[in-house]
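So, here's a batch of structures to check.
Common to both upcoming complexes is chain A, partnered first by chain B, then by chain C.
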Partner chain A sequence: MSDGITSASDESPSSDELRDRSRKALQSQRQPTVTVLSSLLAVQDDLHYIPDEAIEETATHVKSTINDVWSVASFYTNFRFTPPGDHTIDVCWGPSCHLNGAQDVMNRIHSELGITEEGETADGKLTLRYSTCLGACALAPVIAVDHHMKGRISPDSAAAVVGKLKDAQ
Partner chain B sequence: MSVAFSELRQKADAEWLSLTAGDKPWVRVGLGTSGEAAGAEEAFHAITESLGLDANVTLVGSMGLCYAEPLIDVQLPGGARVFYANLGADEVADVVGGHIKSGRANADRAFAWHGDERPEGLGAVTRLSELPTVRVQTRLATKLAGDIDPRDLSQYIANGGYSALEKALEDMDPAGVLDEVKNSGLRGRGGAAFPTGVKWGFLAPNPEPVKYILCNCEEGDPGAFNDKGILESCPHTLLEGLILAGYATNSSNGFIFIRQGHTLPIENSRKAVQDAYAAGLLGQNILGSDFSYDVEIALTGDSYVAGEETALMEAIEGKRSMPRYRPPFPAAAGLWGKPSNINNVKTLAYAPTIIQNGADAFKSVGIESTSGTAILCITGAVNRPGMYEIPMGSLTVREVVEDVAGGIKDGKNMKLFQAGGPLFGPIGEEGFDSPIDFDSIAKTTGSLGSGGLIIGDEDVCAVNLTRNLMAFNQFESCGKCFPCRLGMTHMVETLERISQNVGREDDLALMERMGASMRMGSLCGHGQLGYNPVASALKYFEADFRSHMDDKKCPTGACGEGQMVTPSRTRP
Partner chain C sequence: MADDTIKLTVDGQEIEAKPGQTIIQAAQDADIYIPYLCYFPGMKPYGACRMCVVSTEAGGRKGVQASCTTPVMADMIVETSSEEVVELRRGITDLLMSEHPHGCLTCHRAELCGPQDICQRHVAVTDRCTICPKNERCELKDTVRFMKLDLTSSLDYHRRDLPIHTDDPFYDRDYNLCIVCVRCVRACDEVRGDSALSMVSRSGVALVGTSHGTSLLESGCEFCGACIDACPTGALVERDYKWEKASTKVKTVCTNCPVGCEFVMDINDINKVVRMTGDLSGEASHGQACFKGKFGYDYPNHVRRLKYPMVRVDGELQRTTWEVALEAASQGLLQHLPEERGVILSPRGTNEDHYVGQKFARTVLGTNNVDTGLNRSAELLAALAAAPGHGAATNPIWGIENSKCVLVVAGNPTEEQNVLAVPVKKAVRAGANLIVIDPRETELTRYATNWLRPRPGTEITLLGGLARVILDEALEDKDFVRDRLDGVDEFKKAIWSFDLMRVSQITGVSEDEIRSAARAYGNGSPASLLHGTDGIVAGDHADLLAAVMNLALMTGNIGCAGGGVYPLYSGANTQGGNDVGAAPNLLPGYRSVSSNSDRDVISSSVGGTYPQRPGKSVRDMVAGDGIKALIVLADGWNPDVAGMTTNGLVNPGFMVVSDAFMSDTASRADVVFPAATYAEVSGTITNLERRVQKVNPGLELRHEEREGWRTLADLANVMGGSGFGYETSSEVFEEIRKVVPDYAGLTHARIEGRGIQSPARDETSNGTGILFSSEERLSVVPMAIREPVSLPNREYPFTLGHGRVLLRPEEDVQVVRDERSMNYIERDTLIEIHPEDAADLDVSEGDRVAINAQQDSSASPLPDFGYVRLSSPHRGFVSVTTLFAEVVTGIQDSGDIDISPSVKGLPLRHVSLAKAPILREAGMAAD
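Right after this comes the complex of A and B.
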């Protein structure tokens, strides 16, 4: 995930760079139907967030308005508007995970990361996100590290995962 | 048989024969999303990268036996498949490597076997089809899951794939296909259980040249993963069903609608569509017939309501996924104003077996009111969670939990089940003997819905679980209808108060009043059903509420202070 240009812990890229990357991402779409939503997904796939420049470029690309693009971007909860950390941990709190101890996993991850909410750690290197369902409910509780699923997680194994990510910095 | 199809078939058969009865062993590693979470990819890499085996090693889909994952099997040339359960990367050298090098199965680690003849030394090992999680199943839509590489079109064709499409295009007209589906009694598996043939019948006579079949794999219900399971493990089954639906309704285009971020279902269905085009199974003049059909994958952002059929169309159009007013109904004016049908993945995935084997064969599975199977996703406090395709009405909830899913973990007792998605609440003992089919489950306060069945043990507090469900519903309200947007928020706050033993005496009445407004004042099921979880919890577990309100304590200790995640994101 660390590709230099889009991490919260790196120096922020220039506005021109972001605009250029956004344009490339928009043009890279291969499916026949290109919409505001598909465009935003393409940008976030590449940049891992939606900078203001991408909102403007998307509006131009799909012949829409900044207002309309922003209305879509702000609606879907996967979109973020600031760069994420170098690594992202998703923790599921859906009912299958909840009944299998997700809260204890969450509490432990909070304390390992030193945060009590979703978001970035103080050094900006790790991002914590809450998920309503990661889709591996039979292996609850489930987390995902940089979008890779890990199931049958315990508070201890969660702490080990976080520890590894911290050491990798 | 058309020339085009017989060529595909010949090539596929030859490839399949070389895998199953060639001169190399075949190792299959089950990789669905649950397999990924269990470490199947790591096991696969350990086999391919470090063992140096002279064998074919394939990532296949998931059989649904999630409790056994990573699930890996070894088939020596011409022999039976020997399955190893919970086989991590650290063990594959010993078990898989040892099996292949010695030519003998590892009897201590073997989990099951499948084939004509019991492999030597496995006297005490069960046949796959006799496992308690397998013997109850009749696999129609998930038949090939875990047997074939979902990214390999030939393996699907070699196992009977696209024969139904070939049959339809060669021997049946669109009306004949539609009649067969009508006669099969197939009911929609997204939760509403509407007769599929009738739904297709709304679309078929419309003379518009551009008409859409939209396959709904938003699948936001936590605890349900059968749609994604079909897409990641046998995407061609769905695709073949989608093309058949297009043919039966004289439609021009299909969309497969999936939530972003679910890598395996997205990648495997993209590959399936791409390969189908290359093989002439999609596009102009399919298999040389005069039927043409286009299919594309449309991704949505994270939004539960995007699974509602009119909101889904908004999302494909690239907008905020908020429900539309009806009428007009989608069959009259749907996606981009064109006539459209929205079908669940499972519904469409039954179409190939219905066309191939006939309506009567399909009706012979299940019960009078609902033919076919229920593809259950059993999760929560059970010993053997997984995805099991059982005939409709063949087992009760209690039987599924005890006999199939292996009972409750740690020898505890079952307190509740929750089925049909987060807009349905926990159901107690009185509902346990309910057979698993749409109409029987609907007689409780639940719904069979999409097939998710979440089991809670004696340590679960109904207030706590209901608060979790309502937090989900609040987070996922799209915000279009005021009663839902605000009602959900107040409902969560109220449940929060109760769970923290500071509920007010009129809180229960307050929630009921809010629920009535939400039911009357919301455009879609999300708001209309919003009070359901609370009503259900109160019906079966009023004592849990009274304990919090009167005795000021949680009946099980599950609701300790701060014992709940509350999402911090909301929709602006």
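Right after this comes the complex of A and C.
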């Protein structure tokens, strides 16, 4: 990833760096109303996850407490608290995709990645996420690689996509 | 007025309610029970559990509503137990039971089995009713039993299988028993303003927790126990005496600080005090508490209590009888001249103790050397008695809630008078401005809209600067100044010398900050003002008080609701001691010892001869100033922590000590009397808002312990004193009424339960909430700008402000969890240093410096090292901020039996700094 900070293969950033990055992300918010939620989103946009340091910085930034910030952060499934892999694959399992074979796609991706659930591969480089709907039902089944949609996917084409990502490492 | 009530019908009964009440409140007022779990008095309606559903019909609309969130409406018809709502409640209860062990709730044998019986229904041992710490005192059980569930249901449920948190100080948290009523979170957030607990996650797995599930030590907990008191199940409980049941409950008052929080004391069947629960009906505390009162209560139970009198024989203290000990004390005291004798009374002592103490000192020992142990500043007392005419807070504690602005000077109420900070935080939440004048960072600075950090010792000049801005910008209360104040012209003339530029130079606070704070205070009427004496040298206390009073008077904040001045002093009953004359210069009722007519009033009323020469304060007596024989009532008094000695009280020649334990002071005495503690005495104490409250005995005296007043009266009788034939403390109080006009309308019976604020001059009076609310005239006094005095100290060139907060998110804190011990905190301390000082020390941002402090046994320990931050506002001033959690773990490690007198303060310190090598990578745990 271009910013290099979430790459597990690189030296992982120090606590001070994470704190600095979080603080900058928080200060970069331009909207008139800054909330806990907007602050967490700003951090996740930049760091792709919410480290402990960001919870603490957010609490200071919005004059709240770490517990109240955590309360919001833990409510939304979309926030993650560990660094993601270099690339993220979202697999849709909404009704349309499900009816059009998403389960087979999912099974294939699992076996290609060597995992059985959502999450990171053993080497931490690729992240798999289940999505309740990617909003492209006409193209079902759908997956997204780093937010780029790929429609009418089959188990084989999904395997090819995963293969490419692995080769690119 | 008829317009102020709303009539509605509940279960066919017509009841009256106040507008804005919810249905459940109106029903409770009319003694109609509606089952509930998440509703809690004093908290906002929440509607989490839906247990309180009722069917309603109003304005032609029918429905089922949660009665805790639905306001009453005129002509509403409410059914609390129609078939529909009962069915709904059963469904809700079933859902609750699906995640809560309920052998204790729904088993038909629950009332029949004893704790040792074999469970007839083979419930897993971890789920049994007797395992739950709230067994037999569980609110959930009462509610569920009301539902009349099928008591032969199977007892299975889904267990969350969460680990139990047992490694934080004082608390155990078992979220397997949590029913997610959110009372604890609301107590922490809404009531206390701390948010050390929050709701975590969502939907079916949502539970109470902390950020990342951390220990309470790093979540910002102040260990007040409000969450425990609110918890309806066994999820949150006090660890000590966890499974103990109360056989009697006694209403009493905490004697650890001058707030005087009302508590319900649980006594078990073997005469031990096992629990303290904040009394929701308490007028002084509104059911709130702090760690000292909530968890520091059990020293009366301790096996090391002194049981018998002792006298020193051949250098050793040996057990003896009261007769022998009293005789020995009498003989020893008589060997010294009257002016060489002194009496130091316990800060926890009752008004009765204090009154008998001063009477004994004056009429039997013939000296005015009598004082209460924590009356740290006789000058402050004298100034208080002279200037506002009364030495206490002018307004009630919870009046602060209605302030539009709160100014806190040189005090740290969150630690020293904890519950006083609760209404401050509430006012801030409601939109009030909070101005904190303190070089240290305290818990309140987190909430402050203006935090002014003057150079230590320049607070008075800064207050003068505020007054100057208020006059310059015409923010004073002109009507009040014209109608009520004297000395205004002289005051204005004097304040003219407070040139703002000069004030700013002296204090190190920018002109803009001074102006902004002055505007906040001047425009924020009504405004309350809390002033301590932390960091102010004793000689300046009177000037500080004058500055504070001037500010409050000029802005008309005296005599009005939500305004007022609150002196922050130490000692639970320092106020009562002053009221009843346990002070070296004051007779009962604030009469002067040097006035012949005042002395005559007292002696003609209660007999005895009263000496004329003013006595010595506790500080002087401790310093040994001409004193050769001392009587010390030492319960709850530690002269080291009070900053009066560094190595304990020296026996000046002959010393008699009454104490609950063989304390350092007692061990040096010639005669030791065993003292009764707060849990065993009957009497009154007076809190900082002048509320005279009843302390009630819950424990029976087990051995030969005696109350303070009885000990002194017995001694007086042996020494030939007259007028000491008291049988009970209420007899003593009857005598106090005669000589203290402010107490004339009070009796033990009248103040039982809720207390009455003095002055209450006759028996029809319900006390005086707000002083100076009538039209009496008051004066402002001229004040002068003061150039800062700096005393160069070669060895320790820096003044260090030691702050303390609940939470510092920007610092790395690590809680160390060790399976064998309790959680404790390790962290890097930041030390704020002025950039120029840092240059002199050859250190820069992030460097590590060694902190070497002058020895001070009254001060909280300082870290040995700190990491430099170049943010100190003043040259020569450095500051560190430690965490409240460190105090709490420190208490736990110290093993002190009686914790309150050993909690050390945060005085300014003199330190030297030296550059130190960084031993480890920054971010690692500190040294």
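Definition applied: the second predicted complex is superposed on the first by the 166 of 169 C-alpha atoms of A that agree within 3 Å, B and C clash if a C-alpha of one lies under 4 Å from a C-alpha of the other, contacts with A are read in each partner's own complex, and residues count from 1 in each chain.
One rule holds for everything that comes next: a residue touches a chain if its C-beta (ideal position, glycine included) is under 8 Å from a C-beta of that chain, and two chains touch if they have at least 3 such contacts.
Quick caveat: nothing in here was measured; it's all calculated off a predicted structure.
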**OP:** May I ask you to decide whether A:Tyr130 touches chain B, chain C, both, or neither, giving the answer as first, second, both or neither?
**Re:** first
**OP:** Look at A:Thr65 in the shared chain and tell me whether it touches chain B only, chain C only, both, or neither; answer first, second, both or neither.
**Re:** second
Subject >> Contacts of A:Ala102 with chain B and chain C, given as first, second, both or neither >> reply: first
**OP:** Considering only the touch criterion stated at the top, classify A:Ile55 as touching first (chain B), second (chain C), both, or neither.
**Re:** second
Original post:
Given the superposition on chain A, which partner contacts more residues in chain A: chain B or chain C?
Top reply: B
Original post:
After superposition on the shared chain, which partner residues are touched by A:Ser74: those of chain B (first), chain C (second), both, or neither?
Top reply: both
Original post:
Looking at the overlay, what does A:Asp16 touch: chain B (first), chain C (second), both, or neither?
Top reply: second
Original post:
Thinking of the overlay built on chain A, is A:Glu117 touched by chain B (first), by chain C (second), by both, or by neither?
Top reply: first
**OP:** Show which residues of chain A both chain B and chain C reach, each in its own complex.
**Re:** 71, 74-77
Subject >> Residue ranges of chain C touching chain A (in the complex, touch as defined) >> reply: 189, 194-202, 209-212, 219-220, 807, 809-810, 812, 922-923
Original post:
Within the complex, which stretch of chain A touches chain B?
Top reply: 31-33, 35-41, 62, 71-72, 74-79, 92-100, 102-103, 106, 117-119, 130, 132-140, 142, 147-152
Original post:
If you look only at chain B, which of its residues touch chain A in the complex?
Top reply: 33-34, 36-38, 66-67, 69, 219-225, 228, 260-263, 294, 296-304, 315-321, 377-381, 385-387, 418, 422, 452, 454-457, 460, 465, 468-469, 471-472, 475-476, 478, 563-565, 567-569, 571-572
Original post:
Mind pulling up the chain A residues that touch chain C in the complex?
Top reply: 14-16, 19, 52, 55-57, 59-60, 64-71, 74-77, 81
